[in-house]
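Presented sequentially are two complexes of subunit A, the first with subunit B as partner and the second with subunit C.
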Partner chain A sequence: MITWLRRNLFRTWWDSIMTVVFGYVGLWVIWTVIEFVFVTGRWEIIQVNLKLLLVGRFPDELMWLVGASLTALAFWVAAVAGGSKIDISNRQSLSQRLFDYIRRFGLIVALAALLIFLAADVAALLLALQILGGVVAGRLVGLARRNVGVLGAIPSIIWHPMLASPAVALVLVTLMESTLEEWGGFLINFYMAIISIVLCFPLGVLLALGRRSSFPIIRLVTTTYIELIRGAPLFVLLLLAGVALEFFIPPSIAPDAIFRGVTVFTLFTAAYLAEIVRGGLQSIPKGQTEAGKALGLNTTKITYLITMPQALRNVIPAQIGQFISLFKDTTLAGAALNILDVLNVGTAITKQQDFLGQGLIYEALAFVALLFWVGSYVMSRESQRLEKRLGVGVR
Partner chain B sequence: MSSLPSAPAKVPIWRDVRVLRWLFQIAVLAVVGLIIYWIWGNYQTNIERSSVQTDLRFLDNPASFTIPGNDFDQSSPVRAAFVQGFLNTIQVALVGIFFATILGTLVGIARLSKNLVVRSIAAAYVEVIRNLPLLLLLTFMNLAVVLQTFPRIEDAWKPLDLFVISNRGLAIPWFEGSAGQLGLLVLAGIVLAIIVVKLERARADRVGRPSRGLLLGTLALTIVPVIGWITLGYTWTLPFVDGRGTSGGLRLDPSFFALIVALVVYTSSHIAEIVRGSILAVPRGQGEAADALALSNSQKMRIIILPQAFRVAMPALGNQYLNLIKNSSLGATISYFELTQIAQITVGNGSPAVPAFTLTLLVYLAISLFTSLFVNYFNRRLALVER
Partner chain C sequence: MSSEVFKDATRMSGGRASDEAIVTMEGVYKRFKDFEALKNINFQVGKQEVVVVIGPSGSGKSTLIRCINRLEEHDDGRIIVDGTELTTDVRNIQEIRKETGMVFQSFNLFPHLTVLANIALAPRQVRGMPKAEAEALARELLERVKIPEQADKFPAQLSGGQQQRVAIARSLAMKPKVMLFDEPTSALDPEMINEVLDAIKQLAQEGMTMVVVTHEMGFAKEVADRVVFMADGEIVEVGTPSEIFDNPKEERTQKFLAQIL
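So, the complex of A and B:
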């Protein structure tokens, strides 16, 4: 014990000073946070406005759409995760696996529990159970794909769109079903991010292929696009889309603010994704392509069957990192396009009649921060886990 | 003999790979051209219908707004506003990059500290900040810290009587005198520092002693301006509360302060991860060799590990600098008068949107290209010369 203390905290006199100073600062921060959360914080503002913060003024009679789309999303993610062939968890004991699950998803479950507690509503509990059902069903479908021959025989290019399409369709329907004035809250950040991720992925892959293509004109076009987009700030592009999009397309088909945001996010992230995928393609040894040629495959088949799967696998962490920053950047749409996203709602509720001038901005922003933090943190932890399991950089 | 292949027959033109390749490319080019043509056509019809300007003449119109903190007034042309916005963006970028690099490097090193407390605090800092949206940090700094927590000017905080902190901004001690002369002195200091470091390195190589270039260079860099400043008879001033504002010192706008803090904190959390990864990427043998030579911990870090780590980190660091520059456009959300905010205001005041925002984008593009040129140059200088 003494040895441990000496080794970790009081190695030298300088080390001891650092321990005392930083220990004091650390304890002070922890104490302040605890005091804020349990004593001084006035959380009524969150409780009263919970629905506004999460879904805005979404019409009650359409709430089933929100539940259905969230469940479909959970099903999709769980099915993809459960269907992945690289799984070492089977070798672990039950308690180890349980501990692993708690470490991975404990935060999400805790956040869900907190939201249900704040909502104090049976509907919220039912929604959570419905989503959990989606997860379990997805997990079972994933397992079935691994173990039932017929399902396993379906090629990935059909299987994955099949899993994704109900979720994507429901999210799109939810986004379009209700008007901009009714939309708002965290769900709009979440759904804009989901749709943009799904749309930018094929575009980014195509751009990466274009940039590495042997056709000089295609290389020129894609490189120009990628570099132009990467040199521009997202915020200015969003402002431009908000004010100036009408000038570039016939006014009759000008979309509303949400889809302007989605368009910009898609085009923007595709350029960054293209660079990531290009990095992945460059990391594939030349021998792979040559082996493909030796087997008599043409360029399309070599890309689709040999290089692209490996390239995409190698850069999964970087891709997830890009998607996390897209998720965080959806707040910019609120500032640039006047969408009532969760950050805008969060600052607006402090100006309500009941809460005006009481200095509740800390509470409001802390809640918004919690939502984003849990989402991003869990995603980045999962990507680190994937990185380990895929053995990127080790094999 | 008859089974010998005859000379290949001439490939028909519609099967010739070379021809097909070019046909395909021309087709793609045609599609791209058609899309651009369609957009351009829409643009022409739409501007005719709404009769807005399309050229850059709006730059000569009076701006009809003011930018606090300089002599820009309502009658100045929009052009001057854009120049001022550009300068403010550059200012935020330089100050932000400077502090983010220092803080990020320190946190990155701290994450690998042997001290448990230091290590945990650095890890918590990185994990919390990295997973929050920048706009949230900025809003927090602006609404919660500056506007709500900072006191009013009447009861401003005055730590050590050196600073004045209030919701009207932050005032810090500053030099008094002409900025041009200060600039010249600093330049002279830099030149002298470079000469001193070069000489010291050469001397160290000759006698085989460790170089004290860093120490002597820093000394030259600080002493020259300070002595010059004193001999020129200038002093420095402390800020103090003067009625509804502050006098003396250098006053930092509250929005500038909020923007800088948010950008520095956010970017430093990303830089810390890069620095940590790069330090880990330095082969273990290097550190062990330093230990074998009985270098102290700080010598080991400064002379052996960090120079090699920064070689690895440079491209990623350059990306973070570019991100910081582009993220400074978020200053527009808290009314800091940088480029984007200027563009937004002039468009709101009736300048045509498309030319104004295109101009803004081009300026950002130019800044980005210039920065990446600079980073690439540095990268080449640092890169290991291989045989």
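So, the complex of A and C:
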């Protein structure tokens, strides 16, 4: 212990000074945060406004729809996540797996527990159990698909729409059933991010292919699109989407703010994704295409059977990074398009009569940051796991 | 077993090198910008013939065989493979690629697919073979190249020699009429060269028509029906192995052989 200290922290005079200075700063920061969270922070503002922060003024009688669509989403993700075959021979021990699960999902569970504790009602607990049920069901379906021969024989082109359809249908129903003025809070950020991610992925792949197309006109169009979008700040595009449409479409039939937000996020992220995917395609050696050609495969089949799967696998980290930044950027839509997203709600609640002028903005912002941080961190962790499992750099 | 793989394996009987040409090149030129990689190539490969192409690096050997399956486009002259002329017509190109197998110096296996899937891919996707049948064929071919136990591994888990044998099996799965080998052993560690050469020799004995670009002179002597010596994009000399190796007529051939032997 002492040797370790001496070796790593106090090796030279300079090291010792650095250790003392940064140690002091570090401890001070940690102490301040702990003090804020447990002593000085006044979290009633979050507790009172919890529902507002999470779902806005979403009508109570339609809350079941939110629960159902979240459950369906959880089911979908869980079913797909267990998609590939697991090597039974190197199964880890139970304790190792438990530890692994805690590392992967502990943060989400902790956040859920915190929210239930803050909400302090049975409905929240039931909702959490419902979502957990969705995850378990998805897991079981995923396992069954892998291990029951009859189910495994169904091609994935049927499987995936089947797994996704409940989630997609429920999200659409939720979007249609409630008027969008009632929407708000973190739910908006979450839905905008999910819908944009799902939509921008195929678009990005198509754009990447377009940019490598042998037809000059397609290349020109996609390159222009990508460079135009990448050259503009996201915030400006969002503001533009808020006003520019009125030039072309009468306000009475103009789409609402959330639709515009999703459109901008989709188009914007697709342009970045296209460049990421193109980079991935370029990293595939020419020999792969030549081998495909020599076997008599046509260009389309070479792309979607040989180069694209390898390219997408190589760029998983960059892709997920793009999705994470999309998720966080949804707060910009709040500012640009007057959507009552979680950040807008968070700043608005500090101006409520009960809390006005008490400087509670720290609490509100800390809570908003926590929600995004947990989401982003879990995504990033899962991407590392996915990367490892698909064996990037190993094969 | 091989009768399944090669329906026309019966052609083993009788003499080799029948008059019927599978590959014909007439006055073929290939230019890369200002550089002439192939100059006036006239060349035929008969059915069941094994042609070995030798020559110094940069002499156009690889370009020659890459023109046969249109990995390189020739600029002048005619190339006819199994009665189909290579033109810009995509269907002709597809047709010819189905009938020619190619083995590359750097293996070019598909790293994201298992060995079995690598071999079964083309029969399924190009010939429309059902999955079970394609996989049975793949296992049979792995048996032939003597690595049946590697079927479920990924390419990166195999040695270079094993990978190249998988690549040979992958080409054979399309039941090609002619096999092209582009320096199949140049990227291998010395101790693995023989296992790959043995697999190629075995193919030759079964009557496969082949064009092999190689630096393995021993192999050329043993297996070739004809040896083609190329230099500076031209075919300098063609002859039986003994003609070329023991009694070369051209000065460039003599020089080259003196350098490497």
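Simple rule for what comes next: the second predicted complex is superposed on the first by the 380 of 395 C-alpha atoms of A that agree within 3 Å, B and C clash if a C-alpha of one lies under 4 Å from a C-alpha of the other, contacts with A are read in each partner's own complex, and residues count from 1 in each chain.
The rule is simple: a contact is a pair of C-beta atoms (placed from the backbone, for glycine too) under 8 Å apart; a residue touches a chain by one contact, two chains touch by 3 or more.
Remember, it's a predicted structure, so these values are computed and weren't measured experimentally.
**Q** If you stack the two complexes on chain A, which partner ends up touching A:162: first (subunit B), second (subunit C), both, or neither?
**A** neither
**Q** Determine, under the contact definition given at the top, whether A:108 touches first (subunit B), second (subunit C), both, or neither.
**A** Touch partners of A:108: none, neither subunit B nor subunit C.
**Q** Under the stated touch criterion, name the partner, subunit B or subunit C, that contacts more residues in subunit A.
**A** Of the two chains, more subunit A residues are contacted by B.
**Q** Looking at A:37, would you say it contacts subunit B, subunit C, both, or neither? Reply first, second, both or neither.
**A** It touches nothing on subunit B or subunit C.
**Q** If you stack the two complexes on chain A, which partner ends up touching A:362: first (subunit B), second (subunit C), both, or neither?
**A** The answer is first: A:362 touches subunit B but not subunit C.
**Q** Of the partners subunit B and subunit C, which touch A:332 in the superposed model: first, second, both, neither?
**A** Touch partner of A:332: subunit B, not subunit C.
**Q** Classify the contacts of A:176 with the two partner chains as first (subunit B alone), second (subunit C alone), both, or neither.
**A** neither
**Q** Looking at A:26, would you say it contacts subunit B, subunit C, both, or neither? Reply first, second, both or neither.
**A** Touch status of A:26: first partner only.
**Q** First (subunit B), second (subunit C), both or neither: which does A:298 touch?
**A** In the superposition, A:298 contacts subunit C only.
**Q** Which residues of subunit C touch subunit A in the complex?
**A** So the residues of subunit C touching subunit A come out as 69-71, 94, 97-98, 100-102, 104, 106, 108-112, 121-122, 125-126, 154-157, 167, 170-171, 174, 180.
**Q** Using the touch definition up top, name the residues of subunit B that touch subunit A in the complex.
**A** Against subunit A, the touching part of subunit B is residues 21, 24-26, 28-29, 32, 39, 42-43, 46-47, 114-118, 120-121, 124, 127-128, 130-136, 139-140, 143-144, 148, 326-327, 329-330, 332-333, 340, 343-344, 347, 353-354, 357, 360-361, 364-365, 368-369.
**Q** Please name which positions on subunit A make contact with subunit C in the complex.
**A** That would be residues 285, 287-288, 290-291, 293-298, 301, 305-306, 309-310, 313, 391, 394-395 of subunit A.
**Q** List the residues on subunit A that touch subunit B in their complex, please.
**A** For this pair, the touching residues of subunit A are 7-9, 11, 15, 18-19, 22-23, 25-26, 215-218, 221, 228, 230-237, 239-240, 243-244, 246-251, 324, 328-329, 331-332, 334-335, 343, 347, 359, 361-362, 365, 368-369, 372-373, 376-377, 380.
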